[in-house]
Every structure is written in C-alpha cells, then in structure tokens.
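Two complexes, one shared chain (chain A), two partners (chain B, chain C).
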Partner chain A sequence: MVEVEKIREEARRLLQEGQVRGVIGYVRGPQGVWAVPAMIRNPEDVDRLVWNPTCVHNLVLFVVEEKKEQARQKEPDKRPLAVVVKGCDSRAINVLLQEKFIEREEVILLGVSCENSGVVDKKKLLNLVPSQKIEEIVYGNNGHIVAVIDGERRVFPPEEVLADRCLECQANFPVVYDHFFGEKIKKEAINTSPGVDKIEKMRLEERRRFWEEELSRCLRCYACRSVCPMCYCTECVVDPISFAVEPTTTAEEKAKKIKWIEKSPLLSENFVYHLVRAIHLAGRCVDCGECERVCPEDIPIRLLNKKLEREAWRLFNYVAGMDSQAPSLFSTFKETDPEDFIR
Partner chain B sequence: MEKVLKKSDLGQWVARLKDFDLYGPVRENNHWEFNQISQLANFPEDYTQVNVPLKKILLPNREVLFQFEDNRNGGPYLQEVLPEEREVVVFGVRPCDARGIVLLEKVFSSEIPDIYFERRRQQVYVVGLSCYPLPGENCFCLSLGGGPFSTKGMDILLTKMQSKYFVEVLTPKGEKLIKAAPEYFFNPTDKDQQERQQLERKARAMFTRQIEGVEKIWPVLSQMFESPLWREESYRCLKCGICTYLCPTCHCFDITDEISSTAPLQGKRVRVWDTCQFPDFTMHSSGHNPRPDKASRLRQRIMHKFLYFVETFGDIMCTGCGRCVSKCPVGIDIIDILNKVASHGA
Partner chain C sequence: MRKKIGVFVCHCGINIAGTVDVKKVAQELSEFPGVSYTVDYVYMCSDPGQNLIIQKIKEEKLDGVVVACCSPNLHETTFRRAAQSAGLNPYECEIANIREQCSWVHKDKDKATEKAIKITKGIVEKLRWNEPLQPIKVPVTKRALIIGGGIAGIQTALDLANSDIEVVLVEKNPSIGGHMIQLSETFPTLDCSQCILTPKMVEVSKHPKIKLYTYSEVQEVTGYVGNFQAKILKKPRYVDPDKCTLCDECTQVCPVVVPNEFDLGLTGRKAIYIPFPQAIPATYTLDIEACPGVLPIACGKCWDVCEPKAIDFDMKPEIVEEKVGAIVVATGYDLYDKKNMAEYGYGKYPDVLDGLQFERLLSASGPTRGKILRPSDHKEPKEIVFIQCVGSRDPELHNKYCSKICCMYTAKHAKLYKHHVHDGQAYVFYIDIRAGGKGYEEFVNRTMEEEGVLYLRGKVSKVFEENGKLVVWGVDTLAGQDIEIRADMVVLAMAIRPSSGAEKLAKILKAAQDTDGFFAEAHPKLRPVESLTAGVFLAGVAQAPKDIPDTVAQAGGAAIKVVSILSQPELLHSPLVAQVNEHLCTGCSMCVDVCPFSALSIVEGKAKVNEVLCEGCGTCAATCLRSAIEVKNLTHLQVHDMLTASLGGLK
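Coming up: the complex of A and B.
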C-alpha cells in the first residue's frame, strides 16, 4: 500500500534541502474529496499532498508547462522539479526524454504504484451514487475502491468504478522513477481494449457513422489537446493564429502561414482536428486517458489512440514510453519495416 | 397567468405545437443536451441540466454572417445571410439558463442590436422547468439573485408536482403556446398553489453551495488586479475552453472567412465561438500578447463577470448554473474563488 506520509517525507526533504524548486503533486481540491494538481513550493505545505483513487491527472503536463515557462524567463531557477508519477505518467516522462524535450536531471520522479487498482472514473461513480455526498475515497483490498458516503463505507469492485484506461492497463507501476512508493504488483489487464475490438468489427460504413455521430458533438474546446503532455508543440496546425509569430515576423511571412483547418466546429473540421491529433500521437500516446476524461461531450477519444497503439505493436512491436533510450517510433525506420499498406 | 396541466396531458399539448421546431433534453452518452425532438411525453426523472446551455440555439457556435465573391458582374458582391425563419420551442430550460438569455440580451439587443441574435431570440419560445430537486451538485443561483423557480427570461415555467404541472404563463409568447391546446389547461386550485409554494421552499433550502456576501465582490475585485490569488488559483488551469463554452452567459466570438474557392474568390464570413481562456485570444499580430499567462486569463474571466459587466450593464454576468465548476477537469471552482475574493474585503 502506498503510504502518503512517505511521499510527504520525501517531498519535505527535497524542499528543505533546496534540491528541487517545487513538488508537483496532488492535493485535496475545493470540492472536497476530488484531488487536484498543485505545485508545492514550501516544506510547510507538503502535508497538503494526498494519494488516493481520485488522483487521476497526468502531472507530466505541468513538467511540460514549467519547461516552457523556464524558456521565457531571463534567469530561470534551474533546480529540478519533483513530480508524482503513476505508471502511465512515468511513460510520458520517457517519451519526453526520448524526444529530448527534457533531460533526465530536470526531474526527480516520485513514482507511485497503482498496485492492483487504478484511478476512479468520476462519471461511473456518480452514476452509482448520484446525489449522495461522498466524503472520502480510498484504496481497499484487492484493488477495491472504498467510498465513504454519508458516513457509511461502501466497497466497489474495480470493474464498476475504475477508469477504463486502468481496467485496460498493463503497466500499473512506474517504469522510471527516483523514489518508489507502494508495491510492484503486476496485474493482468481485464481486456486490452474492448472498444477497439468493437470498432474493428464494424463495417466501414458503420464505423464512419459511429465517428460522425461522436465527432459532430465536438465543441473544439481543445481540452483533449490542452491536457495532453504529448501535445507540447508551440505551434499547432489547428490554431488560427500561429504562436510562432514574433515581433520580427514580416507581413509576408504571416500571409504565407497556411490555414489547414477552419475554426468552425463543422463535422469535416472536427474530423481533421481529431485525426491530426491521433496521428501525431501514434507511438507516443501512453494511454493516460486524460483526453477522454476531460471531454465535456463524452467523445471516446481514447479509442483513436488505442487503435494506433495496437497498430504500433502489430507493425513494429513498439510500446510507447517503455524505454527512454530506445529511439522513438516516428524518428526511425528499418529496411524490413512492413510497407504493404503502400499500394 | 397561472394554470395547471395534467402530467399525462403534456404529450398531447406538445403534439399540438406542430408549427414549431421542438427542442428538449435528450440523453447523450453521459449527459443531457438540447436536441430536436418530435414529441415529449414527460421530463425523465434523471434529467438534471443540459451540457451546452440554451445559447447553442441563440448564439450558435457557427453563424454565417454573409457570403462574398470578389468579382460578380464586374465588382465585389456581398449577400447577407440571416438565420432561417423558424419558430423554436425549447422545453426543460432551467432558470439559470433562462436568466442567461436576459444577460445576453444586454449585450446583443441593446443600443446596437445584433440582427442575428435578435432574429433567433424573437423566434425562440422558452418553456422552463423549475428545479426541485436541484439539478447540479454545484448549483449556486440563489447567491446571485436567481432561484430554483426564477421566471426571468422564460415564456412559461413548468413545475413538476405530484400529478400535475403547475404552469406559469409569463409572456404573450407563452399565451400563444397555451392557446394551441387550451382544453388541457385548468385554473389552479388553492391546493395546487400551496403544493407549488411548498416545493419552492424545499428547493431553496437544498443549496449546499453559496457565496457569502456577493455584494462585497465587485468593490473588492476592483482592488485585486495585481493579487497573487490569480496565479495561485490558475496554476492547474489547462487553458481549455470548457468553462466558457458551457457557460450560459459567455459570448465571446471570433470572425473568420471560410474560403470555398480561390478562383473566383468565394466564401463565407462566419462568427464562431472563441474564449478568453485560449492563449491566442488576445494575441496581437505584432506577436505581443497582453494576457500572456493563465493568471491573467483566469482574472479576466472573473473580472468580466463580476466587475466589468457590473460596471457596464449593472448586473453580474453569472447565473450560478455551476457548469464551470462541475465540468472543469482540474477542479477550478469559481464559487471557492469568489468566496476568497469576498473574504479579502472582510
């Protein structure tokens, strides 16, 4: 069992010794039981840190943000950042290392094991206990989730309340870390991706209709892109104004910027947005599932990434983020790579 | 005018509204949405609140303003495009969303009316549904002068009672809807009146979330431009558009040209939703961005709603629907922030 006190101790030591400029972790949010990400800068604040099944966020996003922020500062604090990472999150660190977005010494990884459980899907839990007030959500035995509701302990089996990504996860403890909390209990995925199986069985026409229906609801709030630690480009093809515009950029250069996609949330444009994003995540997505969690329209975005994850495995025996030393999928090729898709 | 309608007669009445396009709450995956419907037998027991508020009909996320062509008959050519003429009845609108319309009117129907909004507004009939029990875990309309039975912005307000709907007919538009099937509407008895009053009292007692001292907020805010609060509260912000796109009062937009042909040059000028939470919203063509960080963008969201709008229109631009709280992926909580602001002034 992960003891939160041990995480706090380590965080306190790192801050007190001035080894890190901050600790990115989870704290209790303003709506009680649900944890939110936070940056802890003072040793006296480390007691705010929590670890429980509501720690859903992939905190590597904030490593990316801090890196960008540093680039803007004249005299940045170069000390590393400590960050709490789950199994999937740690793989995102590996991808950033592979792509040389960060260097290993820029982060101190506080790895936590999800043991044989995972994080809670808030929507699933609220469907089971709609209006009641949940006071506490903690890990129970055998991957079970215990929720204290109106003073009463209720135990939920993992398949009822865990996020789909956790039910399908096969890497439930960090693959890269500096400090490790909890136990490395290898668990078997319940199914690697029933959603993708279902869609692969659909006829082409049926599949198109499915995605048309789902993607027609997209509001283009870009929450899926904003939450993704892999979407770190300073310039994105979907933005109407290029961030790469500098005071010195000439009018001619600006005029030459191609508009790849309309801002309107029309079905055609929504398709372009989601497919561009999916392709750019092939071999990079670590299935932290945040894109799907944050979608206000409940679009099953993960399915696109899971499909490409499956293809990367089928074609190249490649799993994203398992090894920071391995060359990244998109930047390498072998002469023996299959190319039967070229016809 | 007050009436009652038997629950079993709701469908009969709605069936009579054949000349209108009907919208009502429809379940989609895990949430509710206002979609076109052909009938409405009842409001499901588990109907809470729609995801995208009524503004999706009044201020759609894509509005074509006009079409253009660079050379037709020897010169540039413009063709005005107005929203199609169709009368729309929306059922199940919650009081917070209906109050949102009243606030949008202040912006789009004041001195210089926006013809696109105006036309849609004139064509929309709002049939509300009062809130008992409260639809959301973060409802806080009561703190902002609203309430679970507020009638502002509505043509009709329905209250679900034991066996009937209590029907408050509030405008001539509301009367027109009732006249489509007058035989289903009866005068309420004293008992009906009492039942309705009792439900309202019960609903008002259900609020768990509130702002203490809302009147303190705007004078305090005007002193808080440089407050460290914005940086603290926005650290975890994702810079996504959820809080504003799902807000019943947020109305910022971008205007863009959609080119369908380059030779000859043809296209449409469209108005699309935009949000102060996107980093490029205030990006200047020089490359300078006056709101360069999350702190300044969160501050803008709060200041616009609780200070600038009050200064310009004398009203708070928030109806307390709680969507931005419930739907924020990182738990940024406007109620919590406003309570912190209010306590600054204490």
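Coming up: the complex of A and C.
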C-alpha cells in the first residue's frame, strides 16, 4: 500500500531543504472526493497531498507547462521540480527525455504504484452510484475500489469502475523514478485492447463509417491536445490559427502560410486533425488516457493511439517510454524492419 | 514569387505525344495563373528546342521556366543550363515529368492528358516559390584512399599516382597482391600471373606518391566528398620491416605450424612468416593468434635468433588518420564458404579442391612446385572432374548470380591439367559455357578440341569416396543419361562472394550494397564505377564478379573518376539542402537519428544542417513532427501547393 504520509514526508523534506522549486501532486479538489492536480511550493501545504484512485491526471503535462513557462522567464528558478508519477506518467517522462525536451536533472520523480489496480473512471462509478454523496474513494484488496457513501463502505471490482486504460495496462508501476512508494506488483495481462480487436474485425467500409460517426461529433476544442504531455510543440502543424501575423508580416509571407486544415469542424478536417495527431503520437503515446477522459464528445480517441501502439509492437517490438536512452520509433531503421507494405 | 512563367511542352517524338495531347497541355497551362507563355515542340532537348527556350525567356521576360518532358534525371541539367544562358538562375527552371511518370505508363489518351496537365500545374506551383540558389563551394583534399591491395587496388593506385595524385593504399593482409598473386597462369593467354603482377607490386612499393599501409584496416571514415578523414588501424606485425634482413632464421626456429592462407591450407606456415617470397612489403609478420605468447617467457625463440633485433613483442596497434578527397573500394572477393557444399565432400575429402587451391597446385611456387599431385597421397590424378557453378546460379539454395570467371578458369584448369598429365582424362560438368570476352570462346574451344577435355552438360548431385576413388554422380542432359565417374581428384568452381569485410566497410562508408552484398553502383550502365555515396568509387569484384581484364579496366575508370574530382580547385555541391526553422525546432534530435548522411547535429538545442554533407534526400523533413525542417525549393508550402494543384485545386 502506498502510504500517503510518506509521499508528504518526502515532499516536505524536498521543499524545506530547497532542493525543488515545487512539488506537482494531487490534492482533494473542490468537488469533494475527486482529486485535482496542484503545484505545492510551500512546505506547510504538503499535508494537502493525497493519493487515491481518483488521481487520474497525468501530471507530466505540468512539467511540460512549467518548462515552457521557464523559457519565457528572464531569470528562471533552475531548481528541479518534484512530480508524482504513476506507471504511465513515468513513461511519458521517458519520452520527454528521449526527445530531449527535458533533462533528467530537471525532475525528481515521486513514483507511485497503482496498487495492482488503477484509477477510477468517474463516469463508470457515477453510473453505479447515482448519488454524488461519495465521501471517500480508496484502494481495497486485490485491486478492488472502495467507495464510502453515506458512511457506508461499498466495494467495487476493478472491471466495473476502473478506467479502460487501467484495465488494459500491463505496467502499473513507474519505470523511472527517484523515490518509490508502494509495491511493484506486475499485473496479469488482460486483453491489451478489446476496442482495437473490435475495430480490426470490421471491414474497411464499416471502419470508415464507425470513424465518420465518431469524428463527426468532434468540436475541435483541442482539449485532447491541450491535456496531452506529448503535444508540447509551440506551434501545432495542423493549427492555422497559431501562425502569428505581425504588422511587419508581408503579403508574401502571409501567402506562404500553409493551411493544411480548415478551422471549421467539418468531417474531412476532423479526420485530418485526428489522423495527423495519431501518427504524431505513434511510438510516443504512453496511453495515459487523458485525451479520451477530457473529450466532451466522448470520442474514443484512445482507440487510434492504441491501434498504433499495437502496430508499433507487432512490427517493431517497440513500446513507448520504456527506455529514455533508446532511439525513438520514427528515428530508427533496422535492416530487419518489415517492408512488405511497400508494393 | 514568380509571375511570368513559361511552360514548354515536349512531344519527345511520339514518346509523349503518342499518349498525351501535348497541344491541350500547353493550352490548359496557358490559362493557369502565373503562366504567361506556353508552347509545345517536338524535341525540346534538341538544339532548336533549347534555343526556343532561351529566345522566349528573353522575349517574354520570363522569370521562370517549366519544361514538361522526360525525367529530370535525364535533361534537368540541359534545360537548367539553357535557362542560365538566358540569364535566369538555374533553379528557376523545373522539369515536369510527363513521360516516365505519365505517357509511358498510360494508354488512355484523355486520362493521360489530364494527368500530364495536373503534373505540370503542380510543378508550376512549385516553381512559383523556388528560390534562386547558388551551388555550395567546397575545398578539395588532393589525395585518394584506396581500400584493398589486390589487382584492382594496385591498378587504381598506380593510375592515380601516375596522374600526380597522392594515394593512400590500405590492405588488410600482410602483403599486397590479393588473389591474383595466388594464381598460376591467366586465361586466355596463359601468362604467368605472378610474372605480370609483381612488377606492378614493386612499382607500388617504390612509388613516391603511394603511401602503403599493409596489415591495416579502415576503421572509421568521416567527412564528405573532397574532404574525408579516415582512421586506419595498423595491426602490429611485431617485426620492424626496416631492421628485418629477410634472413629467415626466425621461421626455422618457430615451433608453431598453422595452415598457410596463401596456399589455402595445402601447406603449413610458421607463426612468424612471410606470406610469399615476393611479398610487398618484404618483411615478416608475427601471427599473434598462433604465437604461443608475446611473453618472451612462453617461447621467444625467434627473438633469440634474430640478429638485427627486428622482433619487437611490445608493438601496439596504432591508429593513423589520413585526409583524402576521394575513396576507391577495391575489396575483392572471398570464395563461397565450403560448409555450404557438403554434398560435394568439400572440406571432408582432401582431394576435393576449390579452384583457388587448384591454382596453387598449378603454380610453380606452389606446394607441389607446379606438379599436379593429390593432397592425400601425392599421386598424380589420372581422372579429374571439374564442376562448374558450385554455389552460383542457384537461387533456391545458394547464390542467384553467375560468378562470371569460373567457365574460363575451369577451361584453363582443364587445359593446364592436360599439359601436366598427358595421359590423364579431364571432365567438366557445366550448365552452359559463358565465354564472352576477347579470345575467350576460342580458348574454350581449344580446350575441348585440342586437349580432348570432355565437357558434360549437367549438374553433379553427389561426390563420395569409395575404395580410394572419388565417385562423382552426375547427369549428362544432352545424352539424357546418368553419369558416374570414378575420379582421383575433384575441383569445384566455387562461387565468389563479396569480401568478408564488405558489409562492415559499407557501413563505415555509408555506401549501399546490392542484395548479394556487392557494393552497389550508382547506375548499372552509365555510372558503373561510382557508388551511391559521393566521392566513393568502386573497382574490381567489390562491385560484381569480374575477371582480371575487366577489373583492370574498371580500376582505370575509377582512377579517372577520382581525378575528375580531385583535379578541380573546389567542388560544387547542390544547394538543394535541408534548412531548419529554429522557431519550430524543439531539438528532439529525431532528424539527427534518421539522417543517412550524418549531416545533422543539435547545436544549442536546435538542429543544424551541415550543408556539404546534406544530399537533400528529405528524410529529416518527413520525420520532423513539427515541420521544423524542410528541403530548399521543396518546402512544405511547395509540397502543399503541388498537392493542391495535382488534386485539381481545393475549395
């Protein structure tokens, strides 16, 4: 079991000794039981830190945001950041290291085990417990989730309430960390993605219809991109609005701006956006599931990434974020790579 | 942005006009925005065609030219020169390939015309954004590195050195000479191989322009055409050639005997040895793997007897660096591994030999002093079977290619056998005889007719020993019957393979290999001695199986190619190279990892292009997730606009 007091102790020590400029962790949120991310800069605030099955967020996003913020500052605080990372989040750190977006010394990783379980899917739980009167959500035995509702403990089996990605996860503890809390329990391999299985069984026409239906709902609010720690580019290639037009911009320069994609959320443009994003995440996506969680239209975005994750494994034996020293998927070429797709 | 573009549509006789309505292409393009002049003409590459372009550029004050014709591989240079002579920058001329990529691959004239129009419109869109560029100038180091000291390397070295170019010749073995020095006589004139090669070897060793590194290997090559840096590993010989007087006392006392590579194991040699009497450099080498120990306590007999104290057990491997402007690969071949030919008893029966071993038997300096004797009992073989195409031309089990030299050397072997053993009978199993060379066909015919060698068209299934005879089971497909020959000796014309170090060297030089492992030439017909890597040339069997005359000819070809580079005061490099948008670059270094030319590096967190190394292949541009890198005159915007035009415009 992860003892939250130990995480707090470590965070307090790091802050008191001035080793870090802040600790990114989870605190109890304004909606009561549901945890939210927080940047703790004051040792007095560390008691607010929590660790429970509602800690869904991938906090690496805030490492990225902080890094960008630092670049804007004249005299940035160069001390590292401490960040609480789950298994998937830690692999996101590895990808950032691989891509040299951050250096290893810039972060102190407080690794937490997912307790042979995972994090809950709020929607699933609220379907089972219509009342919002949940007082506490904690880990039970054997991966079960315990919710305290009106003072009464209700135990849920993992398959009923855990987020899909946690059910499909096979590495539920960090692969890179400085301090580790909890136990490393290797989960039994459940089917890595029943969703992908289903899609793969569809005929091409069916598949296209499926995606047309799903993607037609996309509002292009870009929440998926905003929440993704891998989408750290300052200018996104599909985003025509971010090309800055300044008073000195000449007509020729304006004419040279490429519009790969229209702003309006038309089906064709939505396809381009989601497919480009999926390809850009191939070999990089660590399946933290945040994109799908934040989607207001419930588009199964993870499926696209999951399919590419499977292809990367099937064709190249590559798993994203396992080794920060390994070259990234798209920048490796081996003579033994399959090339039967070239006809 | 260009606004007055001229489009010149070529008929290429009926090559294009037969399938594409060229008039319609010109007509449609004349209405395309930015195009101010169009014309079609029967042969644009002809002198009048080029003059038409030059004249119209001037008359119509064109600021860009698109020639819709054949592949840019063929006439891009022609038309760019024409544009240049009319006062345009050469990069203001672009080719729309409507032949190879259109007329030649289609039959339906309407659709082919439509496609030709789209292709041409795409190129007009591209040209609109082309920057006028100047070639990048690079200084040249006037020295050449030749890898491999066989006949190919020797000939290239001499040709270059005699053209007043300094040569660094690297050979991995203790002596130069390669396989040719092992041969007895050479087809079709039967001159003694050693007699014609040793003068060249001596010339190499005495030539003031040739720096020779034997017993050395190229370990690392960096840089680019005109400016390579090579790291060469000099393996320790443990003998100082300057002190050694070749008295041979050391070999007399050396207690270790190992198979002699020069005689292909037919004789032994000592751990300290000279490969053959005419070796260049003329000195001994201590084989550290065979020597009981460089620790003098272990043996040290050679050291004791060496009067000039030439033996130095403390010698260490040494790495030297050489700067050169061009590299010639002349790494030659190895025989196909004998373990692949178990059915012929090769490696199992001592009297089953490969062609090179038989050469040693025939050689006057060989293990038998030129007498043909069986290795097993030193008796003269009276019945001898030669088997051709062993491991060659066998795509299912072995190598798919023809090793090219075996038909001829087998005929030579059979002929020489008959010269030595008058009462013997020689049989040759063959698939067919390939004797395409000056005097070759006549040579084979003489072997058959004058020497009475029996040629049997068919393959051999098995060779096995029975009562001291080698039983050869074969088939004569012309007579349609099975053949059994009880022979005293069997000689296998083994396939030749690229030298064992070829793969490693290809990686070091970033030079491509073909599917068989030979170094790939840049063009099978028009650039046969150039590799795909600029400044790296090929000579001899490293490129493909070939005989001595062809090797010597190719070596001369490679030499003149090197001269054509090194004689220039500076080299011009294509300015179509990658460029980085530092604003978008995050320094993830994926481009650095994918670049096949090592042209990229990360400097202060951003990708940086070494323009001289960059070949403009665009792999980096395709890899970059942020579109932060693109190739000049093939920018993302240009690709976007080309796509738009090719798709018939987006709305």
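Note that in this section the second predicted complex is superposed on the first by the 331 of 343 C-alpha atoms of A that agree within 3 Å, B and C clash if a C-alpha of one lies under 4 Å from a C-alpha of the other, contacts with A are read in each partner's own complex, and residues count from 1 in each chain.
The rule is simple: a contact is a pair of C-beta atoms (placed from the backbone, for glycine too) under 8 Å apart; a residue touches a chain by one contact, two chains touch by 3 or more.
Everything numeric here is computed off the predicted structure, so don't read it as measured data.
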First, second, both or neither for A:Lys201, with chain B first and chain C second: neither
First (chain B), second (chain C), both or neither touched by A:Thr249: first
Of chain B and chain C, the chain that contacts the larger number of chain A residues: B
Partner chain in contact with A:Lys334 - chain B first, chain C second, else both or neither: neither
Partner chain(s) touched by A:Met39 [first = chain B, second = chain C, both, neither]: first
Touching partner for A:Arg293 - first (chain B), second (chain C), both, neither: first
Which superposed partner A:Phe101 touches (first chain B, second chain C, both, neither): second
Which of chain B and chain C A:Val237 touches, first, second, both or neither: second
Intersection of the chain A residues that touch chain B with those that touch chain C: none
Chain A to chain C touching residues, read off their complex: 99-101, 232-235, 237, 252, 255-256, 258, 260, 280, 327-328, 330-333
Complex interface listing, chain A residues touching chain B: 29-31, 34, 36-39, 57, 61-62, 123, 127, 130-131, 217, 219-223, 225-227, 239-241, 243, 245-249, 254, 262-266, 290, 293-294, 296-298
Chain C - residues contacting chain A, complex: 1, 129, 583-584, 586-594, 602, 605, 623, 625-627, 636-637, 640
Residue ranges of chain B in contact with chain A within the complex: 28-31, 33, 46, 51-52, 61-62, 133, 137-138, 235-236, 238-242, 245-246, 254, 256, 258, 270, 272-275, 278-280, 283, 285-288, 325, 327, 329-331, 333, 335-336
